[in-house]
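Let me begin by handing over the structure; questions about it come next.
Note that the chains take the letters A, B, C and D in the order they are written out, and that residue 1 is the start of every chain.
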């Protein structure tokens, strides 16, 4: 038996060994395939499903306007909800089998972690369109890996700064975060930033209920007993909804100031279950009711179309995916120009990405040498209005990205500890437009 | 841990234990009577919850009274339990031979997989909830903490009522006595003219309604998401196994034990919170292989 | 028998050829074979009439052993990591087996489930040690001293995995037909008789349990090394359920059952992923019900890869 | 003669039922004991205690001179005891041959992991056993396809593969058509004779008892009411009345 097996093996192996084709350059392709990984199942589909709808909408629009020098974009979606190894093999399938040249991956930091080295090996442009972990681009220099949004450091330091501007004189703080990488890492940054900016802060409780916890009663009871001045949570999705709803029902929102840097994505679902005065934010600076862009026709049209298609207002993952797509077409445009009108190779597009400045649904975004984008942060407080069944964000404050992002070449854990308290008073941090509702 | 904190921890544990007990009750009832461990029980919980949330969502448009809103919850549980329970029992479980406990286990596992996707098709992947009723029932202060009346009083109340009613049903009513007879000895019961098939259906539907009721009662305070059923089945099995399969009073005590231990763990050793139910189960089974309250049966040759 | 051998040869050749020809399939094939090895572990217990809903725990025990070792000693060879991972699951199986082998049926299945849930919860909860839900990264190790690029590494792993599957498949089939293996099958039909033949059912089943733990552990080690990542998901009970699913689908009468079961499982999954997104679990559920109701002895049973028939031919 | 089984004041009670009520009993090497008694008299329970399946409430059991009161069945079996059952205990998924092979492998208590089962046992020995019970033709059929009579024989043959000093048979002829009973017993007894095995069997059929037993013990309500040569026991009025149902 062994002999026959070995013989067949050798024969077939010999027959199939061949060299890989080199990346073609010059000829204009029929279409540009862009892979987009997103959650269409699992808890994170609260982000993934709207983002997918937005991507479809945007691509449709873009193609209708002639595409990229006549080349249409074809999105290829991959479900991150498949989980670890299935996700990775799907990622590789669309790159190696379907000839996708650009991957937008992904929502989960864990998935970003997994695919970044693979993308580098496969020489495919990998745009981390939503995940926040700053570690990937700080730990290693990648040639093909970029992020077109702010990272966790930008977001958390901005949130800490904003908290200190709104409520400068608190003493105690507690955290309730989901027990997984984002929950742990984001708190680590937030705490270190806060302790650097305001060293007399006392952390009275660090609670990490499991991801997808159905009930936060015990955590809430414990917080009621501790009575912290501030409660921060970077939770999102169903977990955040449940936590806020239960905290509100039991009066915890009245006794402690809540700080919820990701809550913009939950406001519409929460409806009237979130009280006024809660500090909320989004990852980035794109807010559908941003007064700065009240009269921006392009953004307004997009918001309307999105609402017509999905029945909901855009949330930050929507702007994230649009940013990534915009960055791709802008980088291609730059690379085509640099290549004298010829279709560029992957390396040329990657070069263009590295110095790209682009604008999607908010203010201009700049990509740094390490592949990380600089995007400002918007934070504000909740305010209910009669016109809408859910709370809006009022007193929007814009924190510029360069103030709160680790400089290129430095490591965030050390950098965050060097923050000085006068950062809070920086005159570059400004309230945006005029308050949303004037009554 | 001082006394006040202990009181608070107990108050939290009570509500959690109440929900856990309702689900475990359905599971243990079905096992006791039919010898089937229903893996799809978690899906019934999920369907109960989603249906309750949808029903409340519809009801709320007419600005209903609190009682009507409350009534949505058991109504959803009954609808789900009767439809899905009967479908499972008649459609699948009757088709496999009895005696072998493993085949029904696999069948319900398959049903669980089907229900998971069905639930996503019906309700999508966004979180669902029905919080209005909790707000309406207000809050109550205990030992310096503010609690929802809904969680602190209503849920444990319903759980206790379900226990008392079930005990009454099994011991005092004619149908219930037949169920008990089938539990003790199926052959003898059949010989006495009891329609074991019908009893099986009744039990399964009743168990399914209890599972769905657990979900329906959770809907106002939690966010329902794909996957809620998965955790529920494992957790409620831990309760049932700790108590001893088929033990109703045992399940009540085990649910309390696990619910309270979990909330105490949140105060004392939060890292262990998720592990506590399973640790309790493993330890109990190591010491008492058939569960805390099970009566050992002799093997025959 | 000849037919089976030719079939195996063709299947292995096809795996190798497909893997080397179409790069993205390489890991898919490796992962598939890993699943089959784990399902084979579950099949061992299925022969004793026992179903474990927690066997994926041996995959994470092995996977995290690989992860911890690779982190502590980055220069360790891949083969050493795989061996150490498998060894750890064998040891864990030996210890846990001492307790769970006392149980049968639902309790056996569910006690395994409970222990696996403890391990899964700890792996997700002990963030500082295990990296929480994101798990541990394992940098690509050298194999037999050679430092490979990704493509070469994956080819080498493909060959290694196939060799493992061939050798173990052959050996486990011998085990099934050996005195210990036949006695294990006796646990399913008549424990009383085994005891009255002077044999210890406890020891027979414990042996089978340790073997099954080792197989799942090997699968977990290979998986961790080839993926370069180990997450708690690897030990979640749904994963154990998938192993059970494959074992039932394939049937327990022959080792090939686990491999054929995996093939069908992956096909159903691929078809579902391509044409019926969002309902692949439903499709699997329906498949399982159809198999249980119409072909309780699985694919191996349908192909009549049966103990008795083979015995008759060789007798 | 050497006492093979000896019990001292053996007592077992579950709940209110006394299944064995202070039994002192000796079985000697070379005897062929038939046990008679009504259903529920305690015959099988006594076997279960002597073979370690049940633990007595009090009292002692000795097998071949060793105290086996606290041993489990497999340990007593290893001392030289074989047992067949009222309901044949076979490996129904295995073939007839494999059942016997497993029994032969059981005797050595070395279960190899590699060599095929058929290769580690003495094929001639298995063939001989098949011949003895007349199942050569059916050697490769699954045990589940055998009729009841042959199942009983196979059950006994498996016990005999252990080369026991004592074979205990619990109702070897029950469930067997009455015209086949004698043939079955003749086959079994021939085998026992050949191997010089002491035997102890539970039996209801008076003909069979008188024909094959050298000693009879009559069980009544957890006690041995009469014990001695067949003719003497069968003549006892109490046995005639309460066991045999003849007045």
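Everything below uses one rule, namely that contacts are C-beta pairs under 8 Å (C-beta built on N, C-alpha and C of every residue); 3 or more make two chains touch, one makes a residue touch a chain.
On a predicted model such as this, the values are computed, not experimentally measured, just so you know.
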Nearest-to-centre chain - CA centroid comparison: C
What chain is the most remote from chain B, judged by the mean position of CA atoms in each chain? D
Determine the centre-to-centre distance between chain A and chain B, using the mean Cα coordinates as centres, and give it in whole Å. 38
I'd like to verify one number: the distance from the centre of chain C to the centre of chain D, where each centre is the average of its C-alpha atoms, in whole angstrom. 43
Whole-Å gap between the CA centroids of chain B and chain D: 49
Centre distance in Å when chain A and chain C are each reduced to the mean of their C-alpha atoms: 37
Where in chain B do residues touch two or more of the other chains? 120, 274, 301
Shared-interface residues of chain A (touching two or more other chains) are 40-41, 208, 210
Which parts of chain D, given as residue numbers and ranges, touch two or more other chains? 85, 89
Within their complex, chain B touches chain A through residues 4-5, 8-9, 11-13, 15-16, 120, 124-127, 129, 131, 134-135, 139, 144-148, 151, 218, 221-228, 231, 262-263, 266-267, 270, 273-274
Which part of chain B faces chain C closely enough to touch in the complex? 37, 92, 95-96, 101-103, 105-107, 109-114, 116-118, 120-121, 230, 234, 237-238, 241, 245, 271, 274-275, 278-279, 281-282, 285-286, 289-290, 301
Across the complex, what residues on chain D touch chain C? 51, 72-74, 77-78, 82-83, 85, 89-95, 97-98, 101-103, 105-107, 109-118, 120-121, 139-140, 142, 158-159, 162
Which residues, counting only chain A, touch chain C once they are in their complex? 1, 4-5, 8-9, 11-13, 15-18, 20, 40-41, 79, 82-86, 88-90, 92-93, 95-97, 109-110, 113-114, 117-118, 121, 179-181, 184, 208, 210-211
Can you list the residues on chain C that touch chain D in the complex? 171, 174-175, 177-183, 185-186, 188-190, 192-200, 204, 207, 307-308, 311-312, 315
